[in-house]
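First chain A sits with chain B, and in the next complex the same chain sits with chain C.
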Partner chain A sequence: MLLDVKNVSVRFASGHGVQAVENVSLTVNKKEKVCIVGETGSGKSILLLAILHLLPENAIVTGEAFFEGEDMIRMKRRQLDKIRGTRISYVPQGSGNGLNPLLTVGFQVAEPMIEHQKIGKKEAIAEAVKLMKRFHIGDEEEVAAQYPFTYSGGMKQRAMIAMGIIAGADMILADEPTKGLDEERIEMVVDAFHSLKDQAVLCVTHDLNFAREISDSISVMYASNQVEYASAKELLEHPLHPYTQDMIAAMPENGLHFSEGFAMAHEDYAEGGCKYAPRCRFCKEKCKETPPMLEVEGHQVRCWLYTGKEGERHASDNGKAL
Partner chain B sequence: MTRHIAQKIATAFVTIFVIITISFFLVHIMPGDPVIHLVGQEEYYYLLDNDPETLNKLIARYGLDDSLPVQYGKYLKNIVTMDFGPSYTNQKPVVSNVLKACKWTLFLSIPTWIIGGLLGALLGVIAGWKPGKLFDKIMTPILLIVNTIPSNCFCLILLIFLAYRMKLFPINGMVSPGVEGMARVQSILQHMFLPLIIMILYRTSGDFMLMKSAVSQVRSEEYIMTAESKGLPSRKVLFRHVMKNAMVPYATSFCMQFGGILSGSMIIEVVFGWKGMGTILYNAVSNRDFPTAQFCFLLSAALVVFANLISDIVNAAIDPRIREEGIQDA
Partner chain C sequence: MLLTTEKLSKAYKSRKKGEPVFWAAKEVCVEIPEGKTVGLLGPSGSGKSTVGQMIVGLIEASSGEIFYKGERLSYPLKGELRKKIQILFQHPEVSFNPMLPLIRSMVEPYKLMKKDSSEKAILADIERFGLHREHLYRTPLELSGGELQRAALARVLVLEPELIILDEPTSMLDVISQAQIVHFLQEYQKEHETAYLFITHNKVLAKTVCDEIYEIREGICTKKEM
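The block that comes next holds the complex of A and B.
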């Protein structure tokens, strides 16, 4: 097991105090690809940053995130500097502002290598160009000397994937790699992820199709909670949690059947209770209590439907009867 | 890059020409007849009534009887030859008058520009890098107070306590009369101490605020998180990634302040009786001394335009977006 996240919660101390992530656990094995899906604001990106110890100081992170047996959440800066970038790396959003506007892309891609392997700038940039070639960015020698503002979102995303693996990291944490990209560019990013045969990936996305393409397992988050976690095939074909089912029904190819309502703002949730209850077709009295994470048919699912006798029936129907 | 700079230089020349023209007409539409100041008010009215001939000769001597376009033409010629004629108030050549005042202003403004600029930037980087920490909590309120007190008020407070009550410094002037050699240098230093300290404090506080906000803003950018995620030590994140980006607004401001070194401190000069550019311009405007005022305007305007040009070049050197596209969205 490469990464073992145990009961990680994140709370922001500012204002009323916002619970951004609540008790999330998941594991990533060597070379395994795991996606965390969920809507904007569900806390998936925050979870990623919490694991990497990149959150600002007003974030209170509890729980444990063992990377190769060492807990990153309690790690000191010096120790973090030794593993970040070279054993575990972060791939920011290509459509965002993840590259320094004043440094050449080639240098930024090469930077982890310069830092960790004490290699000269020139050789490291040559290595970066080689790696960028692998992701087909086009005219690599030339574009490596250019600045991020000349890059399209898709080019930036692929350059940043190269940046993630250049110093030999075997675990990559990627934040919404397909956000803001058109179909063709998403295809290129999918190819780039497919070519990461030797690396494990933990990827946050709101794009279910992308998750289907690249992942072995999928974790679903809703309003700071992890609601379901299973292998990609299982989860997409036999979703158990009502939210997962609704989410899949809302995909364009399934006819855009949206469930009513929105995820509420964090402070609007009553103490405890299932957070999907206000939108859930199966909401019952019991849902006022916080559901436990259950092991059902190889899924982990946080829903009261799967407890007791009736639950067993639901489960053996693999959620279809719902 | 070269084309970008050439464009900027061309714009600078056009700007200077426009400033020259405006400053000529601005001075001429001010009310009041300059001849009154040439001969004094009583004599002027005496001559007007009894000897208009002499008055007309005087007007002709200064070229004030020409039509405005002719005066403008002569004025342009004077600028090209750098000959502005005598001052209307003390009859000495304007250029040497003003350059002498420049020297005294530069005594104050160059140390202010350099020391204040560097000190403000240094403190601002420290406070912006760790906002909310002890250093920030102490420095920010102190410098904010300094920055908000009007400078004339601050001058008077220091004058009352340090110069008048405690007699540590002279009250005004630039040098004690009748001293020579090292004693003269010492006297100048004593005289410039208070105005210099005040100017440095203001500059430090202004640059501190600017640098602090630039650093703390850049610090929360996504690419800083990326830099941290690469395992770079804090020092490299700060110098390579944060500082470089925070330098863009700071470099602009630092260059522009250079443009103000001849004209930036009129109030402080007047309060401390410092006979620099601020004082000479103030007197020239109140006495309708056209040539002096025009030369002062020209000099400080040319310096501002020059500083602007330097700041454009420096910005283009730092920021590839400006260099390659001429766009400025940073």
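The block that comes next holds the complex of A and C.
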């Protein structure tokens, strides 16, 4: 097991105190690709930032996130600096803003090697050019010598992924790598992820088709809760949680099925209880209580519909029966 | 035909001398029938938004004509026509003044149409979009993307448009909100025979929603067989 996230919660101390992430557990094995899907504001990006220690100071993070046996949540800065960038790397949202407009892309891709492995600039850039060729960013060395403004969104995103693995990271955490890209450019990003044969990936996305293409397992988040977690195939073909079901039915390829009930702003959710209840077709009295994470047919699902179902047992904190 | 464009083009001159002009849209011919949804499909930078914005008059065309119910349009649009051709933008969060509570932005079209702009009248219109009184007194920052786009749609419909340019209206929304916006658009079309120009980069979405599709690439637009 490479990354083991156990009961991570994030609360922001400002204002009313927003609960951004509640008790999320998931695991990522070596070379495994896991996607977290959910709508804007579901807390999926915050979870990634919490694991990486990149949240502002008013965020209160609880729980544990073991990376190769060491808890990143409690790690000291010096120790974090040793693993971030070399062992675990981050591809931020909006790749265009992640690149420095005043430096060539080739140099920026090479920078983790220069910084962490103390390799000479020339050598590192040569390595970057090799990697950029592998990701089909450009076959010529000139492409690496260009500045970000000459790149398309898809090229920038792939350059960011190259930057993520150049220093030999075993794991990439990516935040919405396809946001704002059109179909052809999404295809390029899919190819780049497919070529990450030796790395594990934890990727946040709202694009279910992209998740289907790249992931082994998928975790679904809704309003700060993890509502379902299963292998990608299982989850997309036999979704159990009503939210997952509604989401899949609403995809254009499934006929844009309309469901009553609307997404809400953060402050409108009641404390406790199932967060999806106000929109749920199956909502019943019981849903005012917070549902436990259940293990049903190889899925983990947080829904009262499945209590008492055959094969169900309360999932242990970190158990994942895939 | 409700609206036709004839050889509609937009060229941008390069600042450097001797460089060729850049054609954002070149001789685009599109026909939008009454009460139908026409798709304009293309990757980013293909010129699809340029065409939409030329039709509403946000961008001045370099050449070509636009005919509305057989009459040549002259821009800027004036009077009734300006209300009849509307646009719904991609980013709902920038469609509203961020400093004002939603209700202040919502009353504008009511005043323009000399309709009753009381809170009660607005509520009666927005309820079908899943918006309630509490939403009206929030600023755009306190509302979700789905809520804002539904409010933007409700606001556009007050003007009783005959044609709405939908410029990627769902690309920033989650799948469930996307299906809801499409559902409301289709319901409204059934009731009012409104025509839509649906601009998108999503092939599957275009196929599901549109009656006819035009494909645009590097400014060149062709009609696609369905």
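Please note the rule applied: the second predicted complex is superposed on the first by the 303 of 322 C-alpha atoms of A that agree within 3 Å, B and C clash if a C-alpha of one lies under 4 Å from a C-alpha of the other, contacts with A are read in each partner's own complex, and residues count from 1 in each chain.
Operating definition for what follows: a contact is a pair of C-beta atoms (placed from the backbone, for glycine too) under 8 Å apart; a residue touches a chain by one contact, two chains touch by 3 or more.
Remember, it's a predicted structure, so these values are computed and weren't measured experimentally.
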| item | value |
| --- | --- |
| First (chain B), second (chain C), both or neither touched by A:Pro101 | first |
| Contacts of A:Pro92 with chain B and chain C, given as first, second, both or neither | first |
| Which superposed partner A:Thr40 touches (first chain B, second chain C, both, neither) | second |
| Touching partner for A:Asp246 - first (chain B), second (chain C), both, neither | second |
| First (chain B), second (chain C), both or neither touched by A:Phe262 | second |
| Partner chain in contact with A:Leu208 - chain B first, chain C second, else both or neither | second |
| Partner chain(s) touched by A:Leu49 [first = chain B, second = chain C, both, neither] | first |
| Which of chain B and chain C A:Asp81 touches, first, second, both or neither | first |
| Shared chain A contacts, counted only where both chain B and chain C touch the same residue | none |
| Residues of chain A that touch chain B when the two form their complex | 49, 52, 54, 56, 77, 80-86, 89-90, 92-93, 96-103, 108, 111-112, 115-116, 147, 149-150, 160, 163, 167 |
| Residues of chain A touching chain C in the complex | 38-41, 153, 180-185, 206, 208, 246-247, 249-253, 255-259, 261-265, 267 |
| Chain C - residues contacting chain A, complex | 43-44, 130, 138, 142-147, 150, 171, 174-180, 182-183, 201-205, 207-209 |
| Sites on chain B touched by chain A in the complex | 220-223, 225-234, 236, 240-241, 244-245, 248, 318-321, 324-325, 330 |
